[in-house]
Amino acid sequence: MAKGLVKFNEERCKGCELCVSVCPKKIVMLHETKLNSKGYHPACVIDIDSCIGCANCAVMCPDGAISVYQEDVEKSDE
Amino acid sequence: MAKGLVKFNEERCKGCELCVSVCPKKIVMLHETKLNSKGYHPACVIDIDSCIGCANCAVMCPDGAISVYQEDVEKSDE
Amino acid sequence: MSEKVLMKGNEAFAEAAIRSGCRYYFGYPITPQNEIPEYMSRELPKVGGSFVQAESELAAISMAYGGAVAGGRVFVSSSSPGIALMQEGFSFLCSTEIPLVILNVSRGGPGVGGIQPGQADYYQATRGGGNGDYHLIVFAPSSIQEAVDMMEMAFRVAEEYRNPVMILADGLIGQMMEPVVLPNPIPDAVREGILKAKPWALTGTKEGRPHNVVKSLYLKPEELENRIMEMDLKYQKAKEQLVRYETNRLEEAEVVLVAYGSTARIAEEAMELLAEEGIQAGLIRPISLWPFPYEAFDKIPEKVKAVISVELSRGQMMDDVKIGSKGRFPVGLSSRVGGILITPPEIAADVKKVLGVER
Amino acid sequence: MSEKVLMKGNEAFAEAAIRSGCRYYFGYPITPQNEIPEYMSRELPKVGGSFVQAESELAAISMAYGGAVAGGRVFVSSSSPGIALMQEGFSFLCSTEIPLVILNVSRGGPGVGGIQPGQADYYQATRGGGNGDYHLIVFAPSSIQEAVDMMEMAFRVAEEYRNPVMILADGLIGQMMEPVVLPNPIPDAVREGILKAKPWALTGTKEGRPHNVVKSLYLKPEELENRIMEMDLKYQKAKEQLVRYETNRLEEAEVVLVAYGSTARIAEEAMELLAEEGIQAGLIRPISLWPFPYEAFDKIPEKVKAVISVELSRGQMMDDVKIGSKGRFPVGLSSRVGGILITPPEIAADVKKVLGVER
Amino acid sequence: MKPVFEYTRGMLPEETTYCPGCTHGIAHRLIMEALDEKGLLGETIGVAPIGCSILAHHYMNIDMCESTHGRAPAIATGIRRVHPDKIVFTYQGDGDLASIGTGEIVHAAHRGERITSFFINNAIYGMTGGQMAPTSLLGQKTTTSMDGRMQELSGKPLRMAELIATIDGAVFVERVSLDSPGNVRKAKKAIRKAIEVQEKKLGFGFVEILSSCATNWGVTPVKALEWMRENMIPYYPLGNLKSPEEVK
Amino acid sequence: MKPVFEYTRGMLPEETTYCPGCTHGIAHRLIMEALDEKGLLGETIGVAPIGCSILAHHYMNIDMCESTHGRAPAIATGIRRVHPDKIVFTYQGDGDLASIGTGEIVHAAHRGERITSFFINNAIYGMTGGQMAPTSLLGQKTTTSMDGRMQELSGKPLRMAELIATIDGAVFVERVSLDSPGNVRKAKKAIRKAIEVQEKKLGFGFVEILSSCATNWGVTPVKALEWMRENMIPYYPLGNLKSPEEVK
Amino acid sequence: MATHKLVIAGFGGQGVMLMGQMIAYAGMLEGKEVTWMPSYGPEMRGGTANCSVIVSDKKISSPIIVEATAVAAMNLPSLIKFEKILKPGGQLFMNTSLIKELPTRNDLEIYQIEANEIAVALRNDKVSNMVILGAIINKTGIVKQESIEKVMEKLFSGNKAKLLPLNKQALTAWEA
Amino acid sequence: MATHKLVIAGFGGQGVMLMGQMIAYAGMLEGKEVTWMPSYGPEMRGGTANCSVIVSDKKISSPIIVEATAVAAMNLPSLIKFEKILKPGGQLFMNTSLIKELPTRNDLEIYQIEANEIAVALRNDKVSNMVILGAIINKTGIVKQESIEKVMEKLFSGNKAKLLPLNKQALTAWEA
């Protein structure tokens, strides 16, 4: 399994949960307590180790709040 | 063959020759000399005896200038 | 008379139209008047009427013409850019002499502009953008109550004059809530009589009368001129009979404010502020914008130092204020635009500037 | 200067637009201006330009906006009801400050009306039916030559002011033929420079500059007010710099005629008729209808007994004549409508009636 | 002698102002004949377009009004709401219906408005003197396409019947032609059916009627019929595109 | 670490004013990504509609203008004539394109105008607060159809892609949806193809993009995606309706 | 005379527009002030077409003719419509090939021209309008014959040049 | 005081519109002059919603509030936007469950209400707006509590009747 890394721009997040709903690993959630300056609970990843870097969350984010990176495939293969 | 009779309202005629062009017996023509008050040569029938009463001329007349009658079928049959 | 209710202006307008016997509404959504089509879509079917959400304002005014040509009491509403799209229709309706009532809940322009209240559709309403010699009859209420009270009159005038009547409101009285006493519904018998009183309406001949024809094209200039002169007579009559206005403290005034619609309410508050400072201001409030109450200006005492047009536009009503003033007084402007409502202190300040009073 | 040619007004207007550097024309057929799209469809492709027959006047003015927003010199023409359909577009063009030239070859209204010449689009042109505070800049030529000569100026003014300019002609000068000297085509270099002088135009960023945005919506009232006040400044400047008019024999006059466009030619003949009868008539001919030459009226000598608005409409320009006259003189009307051209004897008769002169 | 063909009393005695041989006259007559035969002349309200046939109300012996250019289907919608039981139709040219009035015809169909639109497709703007219409054929010379309509500049002609037929609310769609007695008779049948659809309150009906404009095509009326057969019908195939069970 | 997904520089850093979960944001991004990948950001001119996305120019990093309501395809036509070699597109909602702007979209297609129209079908009027659109589904509750859209009153929802596909000048027509990552990725492909059609000067391109409006549907953004799958996609089948050989 | 005001009227297709334009053109070549104004629009379809031509030494204020100095009527409806606007003593040109009636006024200078017959005699009945044109310029002096011939030379050039002699001939074919 | 000018502002969805309408309604029941004016349009989507309520003994000329006698701020952006328009000494109601900051002005009468916590204590966090409403009428006297209760009785009738006791309770839940 590929290994992914997800970065959130919390200020842009509107807490819509689209990312939450499409994560195949169910590791994206809204932060329970944190509020951004717009007053939304921003999304975050609760178990980054399970992330496979599929980028589904980012593809569905209407607000450009998510970037996804993957460990270099060669590296992880070797 | 049925026997027809065609009446022209010459004042309404605009001399377009649509009736002329669709008569299967080629017996409709524009009057060569007569002019109606609009200045058109009105259509007329040159050989009423050949008329079969198909009403093609009237069907095509855009100006309601033609009426067509047919001898009663019973009569002509008897 | 029914009891007082607290209602949003737009909904009150819609309800008043229904109570005035309107059974047909055609409209296209636009802020700040969406409560009207929404209300009509719910309520008209309940009284056997018909609501159609048109595909555009052009279609809406055309459907309205269709409904009215068929004899119905028809109501149409929109807001500024939507009204701009109806100009060809208005000219056509006037030329065919088809009555209906149009409500413009106006907002800031030009173009898309903004959605906050504005009064910059004064030219549009009173001079129109349709082609040719015609006039809409235009009334401008300054409260929900006044709007509601004038609705039935608007339908009657439209039908008597066979001319569209426009009610020029704005986002302020459309969106606000105020206690209002709704008029009683007109009796069914009266409502049903309306169609009968329109012998010109298209109802099908039933082969019992010559066919009715409603037309706008007159290729022969002589005929067209006759039609226009006939209409002109009607418009002259309107100038005699339909002028509506209020004046306030004109006699004592040293300065006169002219304001219509929502702005008149604010101008009244400004008058009080000025009075506190010892400046006597009078008010002319045109209620009919076309025909414009020019005669009100004859009542302005000679001593008045200036007449000030207070409007949420860059001096559109000022033209009529100048015509009314006939050069007797300098004419000034007090205005905010873009959806900003002018405040009483701002009006007072403008007045003092014009009068050259030290602050 | 080229030699004199005999040309139909409409074709001369089209050719003059091309020579003024116009390369884009969008239009929808309507009598009496069809020769313009027809001419453009033949000639524009020859000079590398583009003609599109739009699906409607709404589409035509929208395409025109598109062409102009992209930096092109764009020309649009129509006639009265077609112009009515463009009102929303005009308001939008003014709000986005996009320059172009519009020609109204006006006919009789209201509604479909007739197709003979009329001047009943005065309100439409000068007060508009679009929403909000905006103005078209309007010029009214009284001959084909004048129309042709003002074309290039119209494009320049439109671009300098970033505002649409309307040329208000009528079926008379559109349909008639007169000898005319066409202007020389503007040099290619100048024409090519036009686009460069429009840093706001949408040309693609080439990623070499921040993106250009042309907009009309301002949801914040403060921003919208600022925009309107900026435009207002521009309109004030226009009032100082763009007023155009002619006067004729004002000094000796005992009565003053005010007439524009084709009607001014007829009024001049009426002046001669009156002079033969010993009545001295002067003439004010507004060439710019917006801004209106109010200052011309200050030149009217005090002794003048009446000012008469001569127009092929029911007293539309009369509003401006009244504003200009400031109550100094009674204002009368001399008019025929419906496509009928007023004649010099009719004008003379109207003048005498106003003056109370025996026939 | 029994009458085989007499001018319908649906048409008023007025003579039309149409050019000699203009098939608008035939189309008018067919609609009025159909209404008369069904006894509906007194129950019908018509809307005339802007175009040569703006004065249709001069000739048709029914209640009628003029319209703003292209808006007839919206106007008919308004009439329909006030008179739910009358027959309501629009009569429109190709400039009126297929150009400026595209939105109104599409949305009358979309709402399934119970009206009938008779669409007179003569591939040109008649009234204004022969400009290109959306239905002008490729290569056809008009006053705004002097070298013939070119696809690169103006696209291919619009087939309205096919377009309207994609809309669910349009339940009856047929294209007919007035080029010959046979086709005129077929046209009549389609018109009758379209009216039946309305009587039965089934939805929106659309009859596209290929028609001639000898004047602006620059040919004689008889040649114009030939041109229809040789050029129009091949591009605009005749026939029924849609018909509800109830009137099949 | 290699980037799998970074926000495209085609989008400006501005935050959008769209409601939480509004898929307008996805549609914006996809178009900008496609343009960026083809190196066309500097060569593109866009036309924003009247609708929630009127401020698209606030977010898209290209030359852009606002339009009058529904007229974007006519505006794009004007732009196209002045800049024959740029990429020109319109971005329009269903009120804008399928209602008031019906005439303009049909005729841009009819002329085979070399532009691309991105049609955001969210089955409602968003900006004005949830009125019925021509694309609202039967039974769908809106502020002007409180008891749900009824066929008798308002007809059946209009399928624009199918209608446009009947027009010869429209050479590329596809319907896509933004309800799931898979469909978003397919949408992106269709958008790329539509832009290619324009680069190759083949004709008019139309991409209908099913989109959500949680706010006016009165559901959560996640439920909105479900509603799309359960209700919209069955009525508005996804897929390509038309594609020229050159981009297949 | 300082100002000629001529109305030419007939069926659409009889070439009345062209006749008027030729006179206006010729007037312009002579350095005169000229205007030409057509009737226009759909009413042309059924009825009559006409144009007004003014040729003058002075500036022309309106191209519309209220009182004509001359009228050319190419058919009966035109005669009926336009004899009324002639000034007393005005000149009336009638194509008597098509008009069998006489005008009702008796204060006019009337020229009856069997234009079609004359044209047929020239072996081309299309030039009947040029026959009338010749009569007009001959009797009114509105423009000179050389000027009209110059105009004809411009008009009938290129592949139409072969029509020039016939047209010139038609111009002088009518003898009063 | 003769004229109360109250602005209530917060997120869309916090019920600020309803709060304002209830006060206006109550004022009307008391025979006062009242107006209610909402912010409207698409800008509500992202930002704040607010309404202005005026209750007065005199005719009200404009429903727009230039200088407020009281402001209720349900979130931080609202506080920032509206504290400015309070007249000196004006009353400010803050929902301190959501606003942790303090206003910048120090010439105001400030009421801090932990509305959400109070509502949660009542077992329904949806009534936090009624808690604030109670505070407003209690401290401003804009309308009487009985009047609001009458309004509530109209509002919560039929199948909503079961919500009435809770809402009435919320009205008096806050103790200064």
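Residue numbering begins at 1 within each chain, and the chains themselves are lettered A, B, C, D, E, F, G and H in the order written.
Simple rule for what comes next: contacts are C-beta pairs under 8 Å (C-beta built on N, C-alpha and C of every residue); 3 or more make two chains touch, one makes a residue touch a chain.
Please read all numbers here as calculations on a predicted model, not as lab measurements.
For the pairs B-E and C-E, the count of C-beta pairs in contact is higher at C-E. Note: the chain lying farthest from chain C is B, by mean C-alpha position. Between chain A and chain B, the centres computed from C-alpha atoms are 85 Å apart. For this pair, chain D with chain G, the centres built from the Cα atoms lie 34 Å apart. Look at where the CA atoms of chain F average out and do the same for chain H: the two points lie 41 Å apart. A separation of 29 Å divides the Cα centre of chain C from that of chain D. In chain H, the residues touching two or more other chains are 41-43, 46. Contacts with at least two other chains are made by residues 18-19, 54, 66, 68, 99-100, 102-103, 106-107, 110-111, 127, 134, 154 of chain F. Under the contact definition stated at the top, not a single residue of chain B touches 2 or more other chains. Per the touch definition, chain C reaches chain H in the complex via residues 4, 6, 31-32, 115-116, 171-172, 175-179, 262, 265-266, 268-269, 341, 343-345.
Listed in rising order, the residues of chain D touching chain F in the complex are 24, 26, 50, 52, 54-56, 58-60, 62-72, 74, 88-89, 92, 96, 202-208, 211-217. Chain contact summary for the complex, chain H toward chain C: residues 21, 24-25, 28, 33-38, 40-42, 60-64, 66. The part of chain E that touches chain D in the complex is made up of residues 50, 54, 66, 68-70, 95, 99-100, 102, 125, 127-129, 131-132, 134, 143-146, 154. Chain E makes touch with chain C in their complex at residues 12, 41-45, 47, 54-55, 57-58, 60-68, 71, 74-83, 86, 103-104, 106-107, 110-111.
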